[in-house]
Structures are given as structure tokens and as C-alpha cells.
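Chain naming follows the written order as A, B and C, and within any one chain the residues start at number 1.
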Amino acid sequence: MPSEAAEPNHLVAFPGGYTRSVGPVTGRFLSELRDGRMVGVRTAGGRVLVPPAECDPETGEDVTGEFVEVGPAGTVTTWSWVPRPAKEHPFDRPFAWALIRPDGADTALLHALDLGVFEPGAKPPKVLKTGMRVRPKYRAERTGTIGDIECFLPEVTMINPQAALEYRLKGGRALGRFLEGISEGRILGHRCPVCEKVIVPMKGFCTRDGVPTTEEVELPDTGTVTTFAVNNIPDPRAPEVPFVSGYVLLDGAGLTMLTLVAGIPADQVRMGMRVRAAWRPREEWDRSMANIKWFEPIDEPDVPFEEIKDYM
Amino acid sequence: MRPVAVVAFVQTEHSAEDQGIAETEMVLPVINEIKERTGLSRFGFTCSGSCDYLQGAPFAFVSALDTLGAWPPISESHVEMDGAWALYEAWVKLQIGEIDTALVYGFGKSSQGDLRAIMSQQLDPYHLAPLGVDQVSMAAMQARAYMEKAGVKEDDLRAVAARSREAGRGNPFALHLPDPAESAAEQDYDVAPLHGYDVAPVTDGAAAIVLAAGDKARELCERPAWITGIDHRTEPHSLGVRDLTRSEAARIAGEKAGATGIEVAELHAQFSHEELILREALGLGDGVTINPSGGALSANPVMAAGLIRIGEAASRIHDGTASRTLGHAASGPCLQQNLVCVLSGENNG
Amino acid sequence: MANPCAIVGIGQTQYRTKRLDVSMAGLVREAARRALDDAGLTWKDIDAVVVGKAPDLFEGVVMPEVFLADALGATGKPLMRVHTAGSVGGSTAIVAANLIQSGVHERVLTLAWEKQSESNATWALTVNGPFTTSLVVGAGGYFAPHIRAYMARAGAPDHIGTLVAVKDRQNALRNQYAHLKIPGISREMVESTPMLWEPIRYLETCPSSDGACAMVLASEKAARQSPNPPAWVHGTSMRSEPMQFAGRDSVSPQGGKDAAADVYRQAGITDPRSELDCAEVYVPFSWYEPMWLENLGFCGENEGWKLTEAGATAFDGDIPWNPSGGVLSSNPIGASGMIRFAEAALQVRGMAGEHQVDGARRALGHAYGGGAQFFAMWIVGSDKP
């Protein structure tokens, strides 16, 4: 950890930097790196050392002169995670150090591994693990140093394309007329000329008989809950849980309408319960079903199951 | 194969603008008209073609089912493809021999979204869609490749557009679009080398066809349009592995469908140059009348436009103006998928 | 009349919440390759490809089979895409079977898939327009009221759903491809999980899976060259009805009854419980087992729950339902129906491995979708009809 001591008062730095000769083996490695490639060197025993060394670390014998291209992908053999980088570190945000064995090599290279943006002090991300596959990120301008690889990056396992398509939807004529009614506090349906049932909200045709419907019927805002679900899964688009979605058979309607049932604890909602629409204050009305907040119980006896069982 | 014919064809008066009606309200009159026309209220099989993304919600076909009067329940299926492939599915079903009639329909309201942006999402989601490239831009690349190989000029493309629009102005169901020369706004490139008139217009519409087999067809239609061959083929998706100057898929489909001796062809060319590529692939010489309806360049209700080509080709048989016609449908970027349906006034089956 | 149609190859992927190890192409090829291997065929032997999946919003690719054409080996061939909501896996198999039965093709590859992890099932199934308020969150929100109606109508005790949830997960332990494997699954475990959409508990619902299922269908002539025993199609049926209309029975829809009657007629079956050896039925919420038992005519009205309670549908019962573990154990939505059809075929081929029902010779595959309004079924058998 950086010390809390006073400003440094002594600097040791060879002016202009050291002038280090690299020799043929490391020189080859760094030259190839500048070209955007990684090479290793083969030992007499057939192993490929990366970075290449002059001798086989196991036997001490000279390596062969055979250089082989390795990688670019590699496998992490071990790693560490730096939650608070020091100023010498290649990143000023949390990152990992890793030993990386490039494909085709028998030894591993140490380098930094960038896993993205994290808050200082962050715990190691779950994707960081031994065995993970990584690839070098080369700098555009390379000079022949290990820093020509800026860092390693995880292999691409997922892309996250952002596609947003815009639509300008109109609800259609029948829905428009229904919502016009709602904007006036009226619930409108159509009577089918064939089955003679009242369809609410109307669609402009009977889904059973496939014929156009035009005869408008205004229905009262009272009805009966036939069946319902108590929803406990929160969803940003839905009401706060628990909420009750119920099928309400409006008085005089031929089929049920899916609505919110409220004004009563969820565990007291019953099949056969009589309900009435709870309208928002008139000044808030517009052309939207939101004019009806929900359906809530009224003080009438429940309808026996026998009378509603054919509407489920 | 069992003789099967197109016995009725109905389409909407297509519109370039949203008419404020829901998809169901667009489909219902077409279904009711074809029921009336054939006197049938029930069919052995029903199949539709539509695309969820055109309305930006899943299950576009579910509400369309509401218009059919599917009660008692019906034998029904749906393809997420142009209605022409729904017709193919129905034709296969009729071949088995257990039913005698089929209702087929397709519909789409392209006006309510950005069709180019939507169809961009049909492209390879790893290499193409993230680039934001669209199908018009890709079609323009195909046009360039074809023009350079065939020595075709932009004026040749404009001639295709001019002829199509002229025919379209004579078709009460098509959009009535001006002659390219008189359309100031279209003198600039859309995506070079294509001008606005080389590109099929955004169109809302629906269409339906009734197929019938054997005696049932003769009973329902004075002059049935017998399907003597129908086939469809696919090419690879990536443009880089295809020869864009030709349509191999259309060629194979045409060969398998027996596309010879054709008098009138309705080609689902959504860009002027596609008509030229398709003519070559299908061996349609100068004597063949192409797109007397105005084709897709005059009205292109996506998901119905291919089915309409078959319907228009059948209509030429129904009205006795031709004895052997061809309907073609395409899907995917740069004519990736092609369907060919050959129709005849003679029942050779 | 229909030409005989054989199922000569079946391939399934491993089903998982997220198949992060594969692309969409990799996923479909995993299933297709296994089906081809089973059939002893290569890509070039296939005449046509029929693909099914549920809404494109799952993966955010419009008609994804178009970009997958190469991966499906469809170059130069006919390629079709079926979409009939949750029943699509079954409908797709039927469309493919029709291509054989009509004599149009000799060998058809059919495949259904879904990679739900590319987005989120609740989102993809419930995209709300500007004119609707969301009262239904996911499929469970839709089906819960209908389950409640069934319970009231049939007088079924509360624990029946739990029994199915346990039974299907026990079966899944014998299925190498199953997604949910819960060793020691018990009634207590299911009953201790929360009510998501009352009356549906967490462990009474299906998972959300990535996966694909493929089959190679063949003509009689082509089937003779198959290395493994074929299954034969004895009947297929599809029915659809509107989601809502006056007088609709949403609990036991007429479409399901009609499709069942049609497919039994084709297969010459009058008593499905005794004449079928097992069934793979689309049960995404546990209560749909007793509901479909009645709808499919395995018992009388309001009697379904009694069969479940008596263990008739268990692996060792007289009519095992979902020996594979069913949709409750693996649910890549677009593929789920085809998995039912394929598992039925595996049973009558004697190739279902550890979940093989002894001596199974005739089996039902079933799928449904939308607001329980689309139905697809087939009956397959060991013998050529």
C-alpha cells in the first residue's frame, strides 16, 4: 500500500534509461512482438519455451535455434487480482496479473489481464479463473518491448448488441372506438350478429364466428370475478406485488375481460366475487384503459360457481 | 402429383401509409371476401405467413387467427415467412390427399416501423447486424456487381422501374407511383447505384388465396390455375461466399418447378436489378410479360408480396389472358431464398 | 393416401439455462449433427430443412434461420420456418412429416430451437404495446387463473400439482440431456418454494432453457438404409382456436379434444390409456398434467387428478407421462414441442436409454401453445402402419 509519508525526496533513475542489449533469443522474441506475433523457442527435448530463453531451464542445455509462432490465444495457468493498483501498474483501475500459456507453448508468460471497468477495491470477477482463455491486445505503435502487448483480454464469449426498433403503432378502429368510450366513462362492446353475445372490448368482429360486428352495446361497470391469479413476481411494467389479475364477466357481456382486481387484500379475492370498476377522478381521464384503476368488491353476495363455470 | 389449383385470390387495396387500422382489421375483409367468392366458410387446412417484428410484438399471427372464425377449431399452421411459403405448406398438405381445400394468407404493416432497421436485424447477428448495414445497401452492392458483369446501366434499371410503375398505375390494388423521370425527389441516389424508384415502396397490405384439388377446384373455379410445379431453394447467407451476379437458388427452383413455356411471370423483385437477375436465372426471354401487376416496385406489402405474385400469376389464367404463368417469391438479403410456382390453365395431372 | 414416414434420426443438445459455450449456429448444429449420426447420414443426404422456433424476440434476430441457412446445411435446398407459438416444435415436425407423406422428399431434417439466454423469456413473451397495461407477467401469469378454474371445477386437492412436479423431476434424473436435475426432489421441497403466480409454486413451473432438438424423417425406402430402428408415424394432427370468445372453455379447450380425436382415429386408437404405452405431453406447469389427461381422453372429465394421484402416470405406472422429465425439466420454448415428439419416437425405437419405458411400442407426442389454443400431436409406433 502507498505510504502516508511525506513527498519523496530522493529519486534514483538513470538518465535516459538503461541501454540493455537483448541478445539473439530475447531479441528475436521482441522483434516478433513488434511485428505483432509471439514466438517461443524449442528445447532439445522438444518443449517450446515462451518467452524464449537461451537455455532449457530443466537441463541447462542450450536451446535449439528453432523459433515457433505460438498463440495468439492462451490459457491462464494462475492469476492474481489487484483491487487497488499502484502507480507503476499498467492500469489505474482493478485488474489481474496472470501467467498465460500461449497455445503451442509449454511454458507461461506473465502479463496483465484486463477484465473491464471495476470500482476500486472490487472483488475478483467470477469470469477470472484458472483455465480461462485470453488473447493479447497489441498496441498500435510498437517498439519491441513486452509492453507492445498492452495487456491480455478474455476471449470473446458474448457480444451485447444494442438494437432498438421504433414503431408508431395505432391501435386500430375498434380499439380506438372502445377507448373513446372509456374516455367518456363508458364501457362499449359489440353484439355479434351470429352468436348474439356481447364482446367487450370489441374488436370489430367476432373471433368465434369470424364476422364483422357493428352493433354497439354499452355495458355497466359492474361484474363478477370468474377466476384469477395472485401475482408475486415483481416486474417493472406491472403493478406492485402481490397483485391480482382476474377475469371479470361484466353484467351483460358474453365473455370475460382481464383486469386488475384490488381494493381488497389479495388473499380475500374469491371466484364469484361481485366487483365494480374503480375509475380515476374524471379530470384525469384520457383515451386509455388506465381510466379504470382496477375492479373492486361491492357489497353483493357472491355468484354461485354453477353460474360462472361456463365462462372460464 | 395430385392436381391442385389456385381457385381464388383476394388482396387489399395496398397503402403506403398507416390507415389507422389494426392488422386484424386489414385481414378480416380479405378473408371474408375470399370466403364469399368461393362460397366456402371452412377449409381443410389454413396456413398464414407473417412477421412478428413488423408489429414489434410476439405472436402477430395469433390475433390474425381471430379473423378466421376458427370455431369449431380448425387445422391451421403458420410460417414466419412470406405467405408464398404458407401456400407451399398448404400445397404439400393437399398432396397427401386427405383434404381438398386450403386457405392461405399473408399480411404485413410495414408502415408502423422502420422497415430497413427491422430487416437489418435479419442479418447475421455477429458479423453484419452490429455494423448497421441494411438490406437496401446490400442490394445496391448486388446491383453494382451485376451491372459491372452484365454491362447494364442505371438507365436500364430505371426502365424496369418505369415499366413497373406504369403497370402499377393500371392496377387498382397497387400504389400509383409517378414515372421515375417525373419524380424529382427520386433523381438522387437512395444507396448508389440504386435510386428511390429502384427500391420497392413501404406498403401495408394483405392477400389470401384458396387452393383446391381435382374436382373441387373445377367446381369452385371456371378456369382453375393448376400448379404444375412448385419449388423453393436457399443460398448461403453471407454475400461474400455467393456469386451475387446470379441467383442460383432461383435457377434451381425454376428448374425443379418446370419453368418453361412461360407467357407471364410475376417476379418478387424488390429492387429493379433483381428483376434482371431473376429473368436470367429463370430463363425468361424477351417474349415473356413481366409483372403486369406492377410487381413489388409498385406495392410491396412485406409477408404478402410473394403470395400476391402467385395470386397475380393465377389471375392471368383465371381471366383467360394467359395459359402458362409463373409466380415467384423471395426472402432474405439479395434474393437469398426463392420460390417458384408454375401455373397452367391445362390440368396435366 | 399418405406415404409412410419414419423417424430415423434424433439429436438433442444438452439443455441448460445458458449455453454460453456455443453460438446459435453451434447450438443448432449440435442437435442436427447428433440426428444425422443416429440416421447414419451426412448433410448432403438431406433433401430439405424445416426449422421451428417461438418468437424471434428471444434472440433478437428476425427469422434467424435465414442467417443460419449455411449452418443448417440448407444451401441449394428448400428451407422453411414454422412458428405456431408453444406448439411450434410439434407443428414443425408435422410439416416435415408431410413432406415425406406427400412424396415430395425422401429425407428431411427438421429442427426446433430456442436460445432464451440471449434475452429473457418474460420480456420476449410479454412485449407490451402502447395500448395495453401489463397484467400478465410471463406464461405463468396467463395460465394461473385457468389452473385455479380447473381446481374448482374438478374439485382437485391442492397437492396434485406437487405430485407432478416431483414425478417429472425424478424422471429427469434418468435423462442425460435434461436441464433441471434435482436429486432428492420431494413434495416437501416443492411445497417449501414460493407461490409465483398463485396457485403456481416456483417448483411447479418449467425452467427457461437454451437448447435444440432435431430429427431426420425418411420415406419407407430411405428408412431401409437406417442403421438404427425407425419409429413410424401413425397419425398427426393440428388444431387452432381463437384465444377468447363467448363460450370458450379455456380449461379444456375443444381444439385439444378435436386434435386428439383426429390423431387417435388415424392411429386406430379408441382407448388411449390402454392402447398407448407412454406419452410425452407438454406440461409446462405441473397442473397441466391432470388437465391434459382429461382433455386428451385418458380419463373422464374431472378425473385427471385421480390418475395422477394414483401414480398411473409415474415411470412405473400403467401409462407413464413424460418419462424424459418433460417440459418441467427442460424448456427451450421453441424446441419443447419437438422434444416431446422426439422423446415419443425414442421410446418406440427402444432408444430412450435410462428412461426407456419397457416394451414401449406406441407413444403420443403432444404440444400446445398460445392461450392453450394451438395444438399439435403425433402418434408414433414401432411397427410400420
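Assorted remarks:
Note that a residue touches a chain if its C-beta (ideal position, glycine included) is under 8 Å from a C-beta of that chain, and two chains touch if they have at least 3 such contacts.
Since the structure is predicted, the reported quantities are computational estimates derived from the model, not experimental observations.
The chain closest to the protein's centre is C, with centres computed as averages of CA atoms.
A count of C-beta contacts for the chain pairs A-C and B-C puts B-C on top. Subunit A and subunit B have centres, each the mean of its CA atoms, that are 38 Å apart. Here the CA centre of subunit A is 28 Å from the CA centre of subunit C.
We define each chain's centre as the mean of its Cα atoms; on that basis subunit B and subunit C are separated by 33 Å. The set of subunit B residues touching two or more other chains comprises 53, 56, 66, 70-71, 118, 121, 125-126, 129. Within subunit A, contacts with two or more other chains are made by residues 161, 163, 169, 171, 175, 206-208. With touch defined as above, residues shared between interfaces to two or more other chains in subunit C number as follows: 60, 129, 242-243, 245. Across the complex, subunit C meets subunit A through its residues 20, 60, 122, 126, 128-138, 140-141, 144-146, 148-149, 152-153, 194-200, 242-251.
Against subunit C, in their complex, subunit A makes its touches with residues 157-158, 161, 163, 169, 171, 175, 179, 192, 195, 197-199, 206-208, 226-233, 235, 237-239, 243, 245-247, 254-256, 258-260, 271, 288-290, 305, 309-310, 312. Of all residues in subunit B, those touching subunit C in their complex are 1, 46, 51-53, 56-59, 61-62, 65-66, 70-81, 85, 88-89, 92-93, 95-98, 118-119, 121-126, 128-129, 231-238, 241, 248-249, 252, 331-333, 336-337. Every residue of subunit A that touches subunit B in the complex is listed here, in rising order: 159, 161, 163, 165-176, 203-212.
The touching residues of subunit B, when paired with subunit A in their complex, are 18, 20-25, 28, 31-32, 53, 55-56, 66-71, 112-114, 117-118, 121, 125-126, 129-130.
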